[in-house]
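In what follows, subunit A forms one complex with subunit B and a second complex with subunit C.
Here is the complex of A and B:
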């Protein structure tokens, strides 16, 4: 238990750190968004009254009259209560815009993690066990080749081949706009249908994990306790899973924790190309529109998701590795 | 006494980048029912390789290239995968040289015991398995409540004892102990060997005992085989092998060993270093380092010959000294 709380504390500090950067970075950039907005407003012949400025300051959470540290405290408070400002592109609270995107991104990335890690783990175990056979060469080389295709190229290829040209998959959106969101089979299947192609792209891009699992597994198979497992007369399948794979997945969890940022980065590209309305899309549009509150909110949301994923990985490792348990508790 | 294990002309090769290395070359010996056979020799001479072969545990790049291993009259090299699986641990179990790293770090001791019982269908419930495991732990002086701990919670010596307890789990006919007590202090080491000895007397299994501790070996074993560079060079009753060695290498090995009771005595040792298995000479492998080597030794390879009264030796000029009469021999007091 103590371990869990220390980790939680650590993640909270990391979160505060990220929030601090998030607060100061835009304020250190030349040309604050308010003056640039006012500039654009003036160019287009708009009226600039003190009310306009006050409204803008409220919108951006900026102020010229309040000391920085007070602004910071205020910023922290509003973040904690979920007031992340208002999007200048969508004219809606940032938290709402992000919330809409987050559900789809979580579906995409969560589904990807589940499918990809299950698939690559089992494939890795299988090829390590069958090391040196043609099945090993085929799967190993195949997964390396596939995963070394750049994400953009892979996504565009799949998109043009299967969505644009063949029309097997939809060209965008998370579900058929004609349907009302509800837990009906019709709606759920529409969601899955729209999810399929971007998901396939991500799973293919993640095939490189087969190599990681394969080499972990081969390392484990060289361990003395594996030989002892065989010597004990334990059946092959059990030695493979309960002695080999059970140990080989531990480093995979660590590597997952380290790559989770890159996974969200990858989902950004996929979402943009497949026109999938997740966070990546939101970020893309926010950037095009220089929607600073939304960009900041996006970064914050990413921080929360990456930190949560790391925390989950920590807990998983803690549950699966008895050495960690006793060493830290 | 009849033979439990009969090894005939066993050869084990390691396939390396430099070609095939024959780590065990044309080795034959037998282990009788209820007998403790010791295996001694310098590091790298092939002792563990033989132990692995007896359970057919070799995996590529190692392979048993020639010979037969008869266990109760059946050649284990002919076993099917399933026969082999059932044979392992139930008929022959092993305390590995690397006992420290032999336990699965993510499973409790209890579950690793249970895997044994389950694989051989000897218990029907987990509770029954735990009961039996606790009894076994008691034999090696581990408190039974430690059963539910993980391997890393034990000290090195305790882990070694846990592995010994596991090796006894199915009362095998042959127990292989490859340096089973290296991490234990002298007192515990003797206690455990004493226990194993008592169990052996009770259940009548045989033991293949590998150790670098010659005095321990002489005390514990009925017969001892001496290996040199993949060859078995001498097999003799343990009472005679150091006191009346026939092979010059056995003589050297005995001399390299300090006496237990510590009176100062010159340790002669063996000049030179062990053979490089990539370059095996024509004649006797030991000729290079032997004080007694002749021309014949450098050209003809000596074969293991049976000396009715005593045992086996592979030497053109077996020694005929009896240390026990000549002087206060290095190990005479141990007999």
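Here is the complex of A and C:
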């Protein structure tokens, strides 16, 4: 129990750290968002009155008259109650815009984690078992080569070949815009169809995990208890899964926790290229319009998701590794 | 001749590393010797827009009528430089933090590890996007610095773990007893023993930095006047090269990016294989098994021959 609370405390501190970055960054940068907004307004021939400036200051929570630490406290309060500001691109509360994108990103990333980790774990176990054979060389070298292709390149090429040129997959949207969201087969299949190509791209990019699983498994297969298993006459399949893989999976969960930030980063570029309406797409729109409240909200949302994934990984390790439990109790 | 022979032997003994190294070498020669391979300036309008590949323009022209080949080669210089500068920066941070945390232990380790973990759980790509957005279209060098500042924790953690395991070996205790100074211990006792980890970490970060530069450039955060692979992809996307079917504009930087990354990854892969004793043992075992098989075949053939000879004699 104490372990869980320590972790939760750490995640809370990390979240505060992200909030602090978010607060101080715009204030440290040359030129503030308000004067850049005013500049754009003046360019388009808009009226600038003291009321406009006051309204903008209220909008951004950014002011020159209030001391910095008071601004910071106010910022923290509004973050905690879910007031993340108003998007200047969509003219809606940031949290609503982000919420719309988050569901699709969670679908994409969640599906990716399920497919990719199942696939790479089993492949890793298999090639470690067959190490030194041609199947091993083929799969390991192949996965290294495929996973080291940059995400931008992989996504662009797949999109160009299969969506734009051959037309096998849709070129945008999360589902057919002619359909209404409902739990019907028609709608669900449309969602899956639109999800397929971005998902394939992500799974291909994640093939590098085969290497991690393989080397964990090889390390485990060198241990004495494996020899003991064989000496006792335990069947191969049981040695492979119950003796070797069970231990080899544990470092994979740690590496999952370490790479989850990169996975969300990868989903960003995939969503942009495949026009998939997730968080990445929202971020791209915000980027193009220099919508600072939305950009900052995006960083906070990402941090929350990564922290939650880390917490889930902690709990999984706790449940799967008896050594961890006994050491802590 | 002798040189060629030894080269061939090296190639055969470690094909993955050799293929990777030659890929990287070819790209380096192409990019840094760009004037030898193309007559055009990367930013000069020299033809009509969106020309398909032809003898004059081997990989066609862009929307702006610029030669794609020369853009790819000259742009590669910047992309590679960003990769190496950022990679070096990340390594420096990771080494300082990782080695001091692992070596000094105690409260130094606690503080540094806490800080490392904190930065690690903040997703680095979104953080970079926020930084770059506030800096507004930044030069390639600033992109390298941003990548460096946000991406060091992973390396720091790996290096710390390795330092911890070296720290408790006998030769370090022996050096301590002999009264060696701290600086000498760090640089002459600890560091040489983790060279392979440092090397593979450095190559890993360079791959990561080159990819990230391409990503940031593609999203439109790079300076639009600079020529890098990321900015080329951004321009291609912005001028809807895909919809028009101008595949050459996308393909040229993509192929270069992918081959550089794959080449570096293959080198990294074989560094791992050489430095990890368990993986190395497995290669030696595979060779041993192959030889055993050949041996067994020879024996079988010998027995068969021996078996058939008397028959012939009888006949």
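Rule of thumb we're sticking to: the second predicted complex is superposed on the first by the 328 of 329 C-alpha atoms of A that agree within 3 Å, B and C clash if a C-alpha of one lies under 4 Å from a C-alpha of the other, contacts with A are read in each partner's own complex, and residues count from 1 in each chain.
Here is the rule we go by: a contact is a pair of C-beta atoms (placed from the backbone, for glycine too) under 8 Å apart; a residue touches a chain by one contact, two chains touch by 3 or more.
Remember, it's a predicted structure, so these values are computed and weren't measured experimentally.
Enquirer: Looking at the combined model built on subunit A, do subunit B and subunit C fit side by side or clash?
Expert: Superposition result for subunit B and subunit C: fit.
Enquirer: On the A-aligned overlay, A:322 touches which partner chain: subunit B = first, subunit C = second, or both, or neither?
Expert: A:322 sits against subunit B, while subunit C stays out of touch.
Enquirer: Regarding the shared-chain residue A:242, is it in contact with subunit B (first), subunit C (second), both, or neither?
Expert: After superposition on chain A, A:242 lies in contact with subunit B alone.
Enquirer: Between subunit B and subunit C, point out the one touching more subunit A residues.
Expert: C
Enquirer: After lining up the shared chain so the two structures overlap, which partner does A:86 touch, if you call subunit B first and subunit C second: first, second, both or neither?
Expert: neither
Enquirer: For A:253, using the defined touch cut-off, is the partner it touches subunit B, subunit C, both, or neither? Pick first, second, both or neither.
Expert: neither
Enquirer: In the superposed arrangement, which partner chain does A:199 touch: subunit B (first), subunit C (second), both, or neither?
Expert: Neither partner.
Enquirer: Identify the partner contact of A:228: answer first if only subunit B is touched, second if only subunit C is, both if each is, neither if none is.
Expert: The answer is first: A:228 touches subunit B but not subunit C.
Enquirer: Between subunit B and subunit C, what is the tightest CA to CA spacing in Å in the combined model?
Expert: 5
Enquirer: Can you list the residues of subunit A that touch subunit B in one structure and subunit C in the other?
Expert: none
Enquirer: Show which residues of subunit C lie in contact with subunit A when the two form their complex.
Expert: 16, 117-118, 120-127, 129-131, 133-136, 154, 157, 207, 210-211, 214-215, 218-221, 230, 233, 237, 242-243, 245, 247, 250-251, 254, 257-258, 261-262, 264-266, 269, 272, 276, 278-279, 282-283, 285-286, 289
Enquirer: If you look only at subunit A, which of its residues touch subunit B in the complex?
Expert: Contacts found on subunit A: 223-225, 227-235, 238, 242-243, 246-247, 250, 320-323, 326.
Enquirer: For the complex, give me every residue of subunit B touching subunit A.
Expert: So the residues of subunit B in touch with subunit A come to 55, 57, 85-90, 93-94, 96, 98, 101-108, 115-116, 119-120, 150, 152-153, 163, 166.
Enquirer: Once bound in the complex, which stretches of subunit A touch subunit C?
Expert: 10-11, 13-14, 17-18, 21-22, 25-26, 29, 31, 131-132, 141, 144-145, 147-153, 156-157, 159-160, 164-165, 211, 215, 218-219, 222, 258, 261-262, 264-265, 268-269, 272, 283-284, 287-288, 290, 292, 295-296, 298-299, 302-303, 306-307, 310
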